[in-house]
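Structure provided below as structure tokens; questions to follow.
Think of it as A, B, C and D in the order they're written, each chain with its own count starting at 1.
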Amino acid sequence: MGVSAEEISQHNDRQSCWVIVRGNVFDVTEFLPEHPGGEKIILKYAGRDATAAFDPVHPPDTLDKYLDKSKHLGPVADMAAVIAADENRKKTPEEEAEAAEDLRLAEARGNMPPIDSCYNLLDFEAVARRVMKRGAWAYYSSAADDEISYRENRAAFQRVWFRPRILIDVERVDLSTRMLGARVAAPFYVTATALGKLGHPDGETCLTKAAARHQVVQMIPTLASCSFDEIMDAAKGPGNPYQWLQLYVNKDREITRKIIQHAEARGCRALFITVDAPQLGRREKDMRAKAAALGNGGSSVQTAEGLRSDTSQGAARAISSFIDPSLCWDDLPWFRSVTRLPIVLKGVQRVEDVVRAAETGLVDGVVLSNHGGRQLDFARSSLEVLAETMPVLRARGLDRRIEVYVDGGLRRATDILKALCLGAKGVGIGRPFLYAMSAYGVDGVDRAMALLKDELEMDMRLLGARTMDDLGPELVDTRSLGSHPNGVPDDHLAQNVYDPLQTPRQRDAKL
Amino acid sequence: MGVSAEEISQHNDRQSCWVIVRGNVFDVTEFLPEHPGGEKIILKYAGRDATAAFDPVHPPDTLDKYLDKSKHLGPVADMAAVIAADENRKKTPEEEAEAAEDLRLAEARGNMPPIDSCYNLLDFEAVARRVMKRGAWAYYSSAADDEISYRENRAAFQRVWFRPRILIDVERVDLSTRMLGARVAAPFYVTATALGKLGHPDGETCLTKAAARHQVVQMIPTLASCSFDEIMDAAKGPGNPYQWLQLYVNKDREITRKIIQHAEARGCRALFITVDAPQLGRREKDMRAKAAALGNGGSSVQTAEGLRSDTSQGAARAISSFIDPSLCWDDLPWFRSVTRLPIVLKGVQRVEDVVRAAETGLVDGVVLSNHGGRQLDFARSSLEVLAETMPVLRARGLDRRIEVYVDGGLRRATDILKALCLGAKGVGIGRPFLYAMSAYGVDGVDRAMALLKDELEMDMRLLGARTMDDLGPELVDTRSLGSHPNGVPDDHLAQNVYDPLQTPRQRDAKL
Amino acid sequence: MGVSAEEISQHNDRQSCWVIVRGNVFDVTEFLPEHPGGEKIILKYAGRDATAAFDPVHPPDTLDKYLDKSKHLGPVADMAAVIAADENRKKTPEEEAEAAEDLRLAEARGNMPPIDSCYNLLDFEAVARRVMKRGAWAYYSSAADDEISYRENRAAFQRVWFRPRILIDVERVDLSTRMLGARVAAPFYVTATALGKLGHPDGETCLTKAAARHQVVQMIPTLASCSFDEIMDAAKGPGNPYQWLQLYVNKDREITRKIIQHAEARGCRALFITVDAPQLGRREKDMRAKAAALGNGGSSVQTAEGLRSDTSQGAARAISSFIDPSLCWDDLPWFRSVTRLPIVLKGVQRVEDVVRAAETGLVDGVVLSNHGGRQLDFARSSLEVLAETMPVLRARGLDRRIEVYVDGGLRRATDILKALCLGAKGVGIGRPFLYAMSAYGVDGVDRAMALLKDELEMDMRLLGARTMDDLGPELVDTRSLGSHPNGVPDDHLAQNVYDPLQTPRQRDAKL
Amino acid sequence: MGVSAEEISQHNDRQSCWVIVRGNVFDVTEFLPEHPGGEKIILKYAGRDATAAFDPVHPPDTLDKYLDKSKHLGPVADMAAVIAADENRKKTPEEEAEAAEDLRLAEARGNMPPIDSCYNLLDFEAVARRVMKRGAWAYYSSAADDEISYRENRAAFQRVWFRPRILIDVERVDLSTRMLGARVAAPFYVTATALGKLGHPDGETCLTKAAARHQVVQMIPTLASCSFDEIMDAAKGPGNPYQWLQLYVNKDREITRKIIQHAEARGCRALFITVDAPQLGRREKDMRAKAAALGNGGSSVQTAEGLRSDTSQGAARAISSFIDPSLCWDDLPWFRSVTRLPIVLKGVQRVEDVVRAAETGLVDGVVLSNHGGRQLDFARSSLEVLAETMPVLRARGLDRRIEVYVDGGLRRATDILKALCLGAKGVGIGRPFLYAMSAYGVDGVDRAMALLKDELEMDMRLLGARTMDDLGPELVDTRSLGSHPNGVPDDHLAQNVYDPLQTPRQRDAKL
């Protein structure tokens, strides 16, 4: 028979809090204080259907894994009554704002530019920004503090210039390369990004399918919206090279061990341990969006005791409380002991740590990364760290012992080629594929990858390079890479009184 | 019985000028030419109640200290009559403008963003700008000449980048440090800023109370709106570490001696002598605001003989005529002789002077500072001077003999950490706390400090540092710090004719 | 009698496709798949008159050369009926947009600024932009990717400064110089640019005539709208020094051989082989314009298999499919064997390749060029490569063996003089003359050249140089030339809260 | 009796051209082709009163000097009739535009900000721009080509920073210094600028009188609107130190000799020979303004033969045709032979030429200058040349043999102090005084000088300098002076899609 709508609606506060997810009722009263995202967001749906809010930020197996079976109260008897009650309910101002946003987005979606009017990765971002929910956009696009590192990641590529070779026979160009021992069709991979269902109902599987079509690697995130197995299932098929696993290390190492060994068993081919996130960063756009959604009203005035209220967090911090800030070099042998997968440290940010990683003999690679500018603002771009790192590795003969990857800020094939010229084995691309997915689903990601490959092929020709082995530091000019003359103050008065030159104007013709 | 409203109103010009302050009448006729702020501002209130204009810019004990008792004419007999007369009086255009501003500000205050929508120190500034009187905003925000140094102070921090360590156990992070021998909870202090009541009726005590809650030091300004004793009284209580005294040196050294010895007796813990202000700077925003308030009409056209009229000064110069421009190195032994407090020189701006200060053996520290950009425009940022200074001090073994502090332009924990990495013992923060206070009072300052601490804790984790001792120059990249490519002229014609790339637009979809 | 309008109109699809060009009918059904610009653009005119679209992008002898005589169906019997049918036809949305654009341009043309209100080369660009068709503007103005190299070409000149000599007798200044052995009146030449009829119905002959008047060289492009012979015919006359031939090397070398030998026979004086375009670049403005013209509707969603649909190309790629990407150093002896003309490599981009070219002994010069920024984005400016190249050539004694030319970004005589000071023998100018032509025809190009000469004469006086031989590196300061601090991120929050200084305002006077 | 209005009005074309100036009639028919400003501007007034156009650009003794007495036809018989006829005449579109401008300016003048709302030199420029005629503004404010050097002049000062000394007794500060042997009250002088009556009816005498009041030097321009003697007469009086003469060297050396010897006889104290203007520069704003005034219609389309029509010139070229472009080093002994005045070369732009000048033993000083950016665009700033020059002079012991001055771009006392620290003996200021004069006449210039002195006194205190001798290179940081990273291309797409951070907004409070 199931639980009646009437009864569910009684359990609508902190004393007794039931919620509906996908037609089933759950008693989450005791779970409230443990919820990583804060109790406030759950209480918003107390006594009601929470599916729409739950789905994008939780893998489908979440309730099975984390809520005791005794709290699974069974199916709703009459969903129609639930829906009717919800429609008759007086909406809060936040809900009304949300409904207005939904209307606006529906119109924007109905009026989207055709997919083939996107000619580069930034075009997808422009479209996505117009069709994504404010909170989803804020979560994907936000970065730490003033977002200086976020933008520096892009800018750094623009401080490197090419020195192309001419008169090379470039009729045939080969984009394929090897990563961690296996061949892939192009030197980029889909790097791990969380909460894919915020952008598209199919979540990370959109990325999986497009990666398979293009024979490039996808790195599966710990904080995916889809479950790990859903993603691996989607990856099946001919031509798909393989998946990697990105790992946030849990304070409970047993959980971590299970995750690693399950991934290895399912055919994942490498383990990328995130080392730049002992604590997830403060991202103010994200925090501001979440505060707006929650009405921003209930939180008491902050005091010297702390800022740990819900509204100061945003989606990022909400989902990360399990991460172990004590993770350190001494933990590496344990990882080596629980898996035979290649181990790569993701988020290395200085040459000294790359050298140290290589000298341990325990890791197979590093990703130079500042986490898309989302962690420590003013962390340098991976490209700048790469240019600092490779000569040192070569001088010490360590460049053959580990593979070096970079991510952050790549939007053009020229960016990829600059990183490869400077010694990277491959590059990770994150947000651009999320935006392509959010706007156009799997077809968007597919087209984004096709555009990148098309640019790569042309740019290699124009650079005079036939294969990845032809790329080297002699093809780039990096003299300005380390130059950051940020924040030059304007001379307002002088600019104010300056009378700029003008071109001839048509109204002059009318005199 | 007191003095009648009728009689007071007769004394309304330069021949005989009475004013009411807090219900008492004062004859200031003879004092007019001595008033540091000029006679014009007093004459504006001749024969009337001057309390609202008097209070923000004078400590409450001012009239007792500086006006002969014979001029204290006693209480007003009938304040109601004074108020009624004032209401009926025809207003000048400036007063009408002021009344209109008051209305606008009252509406802005009624419509303020909630305090917890401020996520960083700049947010408070944005709110404060909307709710502060024009003159108060101008006094706080103004700086010298073209305000290049003011903005460079902020920009300099953005030219320093991090080289974070990974895989450090940062579960526990300790923000505390020692300053001039005592422990404080965080490496920042509230630096001295004048005229706190311009921003909030409670003035500097707002800063005092928040500093006590957060266990950080407050430096008490010579030019406070509150009296020194009011501030020290507000500072009492458990947990409050201590106060420092900022000193403008008076031409009359006896006055200075008394101030120092009184501060020492009341428990102040260090003496910061300002050495960058033999004359207070020209701040044009401030001058313009004051001129507007005074109607800007009566001053005769300036001649070659000088510019010393009231309207050319602004609040800053008005309050500073007592400062001794002859203060020099030879005066240091005298300071050493009148107090046992640690002595710190505030406003040092070149390495040669830091070395000289250390070699005198008379001082315990220096503050590298350009006075918030309010004195000499194009004085360099304290961060740049710090990077120049510390290697020299270390080379000469002087880095243990004095402590080096910096202030100016700090808005983020990353700024603080950069200064500490480069060798600062602590950093002073001024305007941001004034803005937080002006917008939200003591709660604003409290939240601002809590936000800073929250950022500090996170950023230390992300930098791989557990304590202040873990911070060092190897964690920063300062190569661009000395680079100031100011004022590159635009290529107007070429920019004018350039047709920028565009992303796909929704209206394209309608074609 | 000719073919009837009625019959032609039946052949209006892929099964049977006839088109009218200049009053004659052609059966292009079998040619459709071979058309370099894609079949879509032809099918748009199937069964109709295609002259207006055909003319600007094909030399007049195209159909004779490339379409079998059997497909030439003879003259149209009744053009009036064709025209009437076309007028009655329901227009597609794209055609309506085109008609609206035509109206707008006609009005703009009727209201043009007088030619003598153009004082410099950028002024012509401003006028041209307003009177050119969108597609033509897009083709001329577009460049690769983000158009960074395109703009860098101009910016690089602005990073070089003069060190003028004084007190030199500059009453007489001589602008003439020698290029590849012959004297010309000025150190600039008209470089090769494709599709001149997009800008003006007379196409490249406008450039030819103006160059003749000014006694400067024109380089004839392979992809001209006018036929090679038309241009050579227009060049005849006294005073005209000579023409050069720009060559895209065809996969079929026999075609290339014929082109070269015909040019030599007609009196062309040098052969410039383009070496920076094994594949023509992606130019998104151009692609977007072409997609808009084609309605952007029919192309299927892109897949992993590729992006080779029509709309992804633009005019540039459409016309270039014959270019041989396998052209390499080994081909040089063959060129040397088929002609006695001087051979110059156009598009060299690094000093190593200049040295290699000189050491072959087979070439007489190089053009340092990045193809107007239209090929590989982030290719460096020719000026920067020049500054790198000349000292190396001089050190190896190769500077007398080859002549070095540059092009890209020159708009002012100062630009020309900078290049000459740094060792260039002459400079090529492309787009500015196209814009002058598009706005004002041959008179525009004439005035543009006159302006350049006027600037040159004056600037040589001011620089203290009487002849080209007086120009040398001691007259320029190139220290900043290699500096590209691109993309400094703004500090948005701080800028947002900053209250800029203001000058006195008139409304202040009203207070 | 005089000439009748009726008769004058008959002589209104090229065949017979009479004009009225200050009530007298002149026959300028034969003079038309010789007029340096072109015949067109005269023909505009043929048969009419030309006084208003004549006066600002010609000294009053011009007609006496340059027009044969036989062409002086005597006084107008009936000026009232002339005026009446002029009022009844149908106005040309240009005259109507001029009349509309006059109305607009009269209103702006009636509504000017009070003089004491100008707090710095840039403020005068802001006011002047609103109250000056378009043509006058264009003449004063224009500069060469893209006006890059013009703006670089200002920007260069902003790349030099201070290293102030502290704890110096600066109670007394002395601004006086010696220039070419005599004492002046401040280290700046009024440099020569042409056509003062364009800005104010009293012309250069405004500058003379203010300079006398402030005891600073004025340099008298060759191209003054006032006659030389008028200026010297205005200079008389106690306290006025002296005048200098700026000289454009005439092709007819006898004229030049007379000018020099007359100046020496009248008490001028030095001769500044302009060496950076063998030809006056192209200033497009000025050209555009003149073309607009002349209706821009009559000039035929330009051809390859040249651009020498009136409208291509502007005021600058019109007045300069007498300047001798053959002036060279060999001429210096002649100058030395005709005067005992100190000789200074004005417009030196490279260290080699400063050294050469010093080694001749014939000159007493140089002015490093690029003529206010009005001659060769991309000439470097005088400050940059100064920093290059002084170390070389000192190394060769030449710094005592000549005095080095700079001009261009100075707007603040900090600019002056930077130049003095780097070794300049004094600085010339031009446009700022012209703007102060144009807005407020002699009182404006007076206030501008008073403001500069006030800033100087304060800034010397803050810099820790009591006298000019205390200023030296150790007080400045010039590391960025030579850095000109001009024209960095924007990354439009990425900026377009970036979503900037926002501060809390008041409307958030309403949610």
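For this structure, a couple of remarks:
Methods note: contacts are C-beta pairs under 8 Å (C-beta built on N, C-alpha and C of every residue); 3 or more make two chains touch, one makes a residue touch a chain.
None of the values given here were measured: they were computed from a predicted structure.
Between the two copies, chain B and chain D, the Cα superposition rotates by 90°, quoted to the nearest 5. Just to note, of A-C and B-C, the chains joined by more C-beta pairs in contact are A-C. Interface chain C/chain D: under half of the residue numbers present appear on both copies, so the contact uses mostly different residues. If you average the Cα atoms of chain A and of chain C, the two centres end up 42 Å apart. Chain B and chain C have Cα centroids separated by 59 Å.
The set of chain A residues touching two or more other chains comprises 114, 117, 120, 122-123, 125-126, 146-148, 151, 154-155, 158, 284, 288, 296, 483-488, 491-494, 496-497, 501-503, 508. For chain C in complex with chain B, the residues that touch the partner chain are 93-94, 97, 120, 122-123, 125-126, 129, 137, 141, 146-147, 151, 154-155, 158, 284-285, 288, 292, 295-296, 411, 485, 491, 493-494, 496-499, 501-502, 508, 511. Interface of chain D with chain B (complex): residues 114-117, 119-120, 146-148, 150-152, 154-156, 158-171, 210, 213-214, 412, 414, 418, 443, 446-447, 449-451, 454-455, 458-459, 461-463, 477, 479-480, 483-488, 490, 492-493, 496-497, 503-506, 508-510. Every residue of chain D that touches chain C in the complex is listed here, in rising order: 108, 111-114, 117-118, 122-123, 125-127, 130, 145-146, 148, 275-279, 281-282, 284, 287-288, 291, 296-297, 299, 301-304, 306-307, 309, 311-312, 324-329, 331-332, 345, 347-350, 352-353, 375-380, 482-489, 491-494, 500-503.
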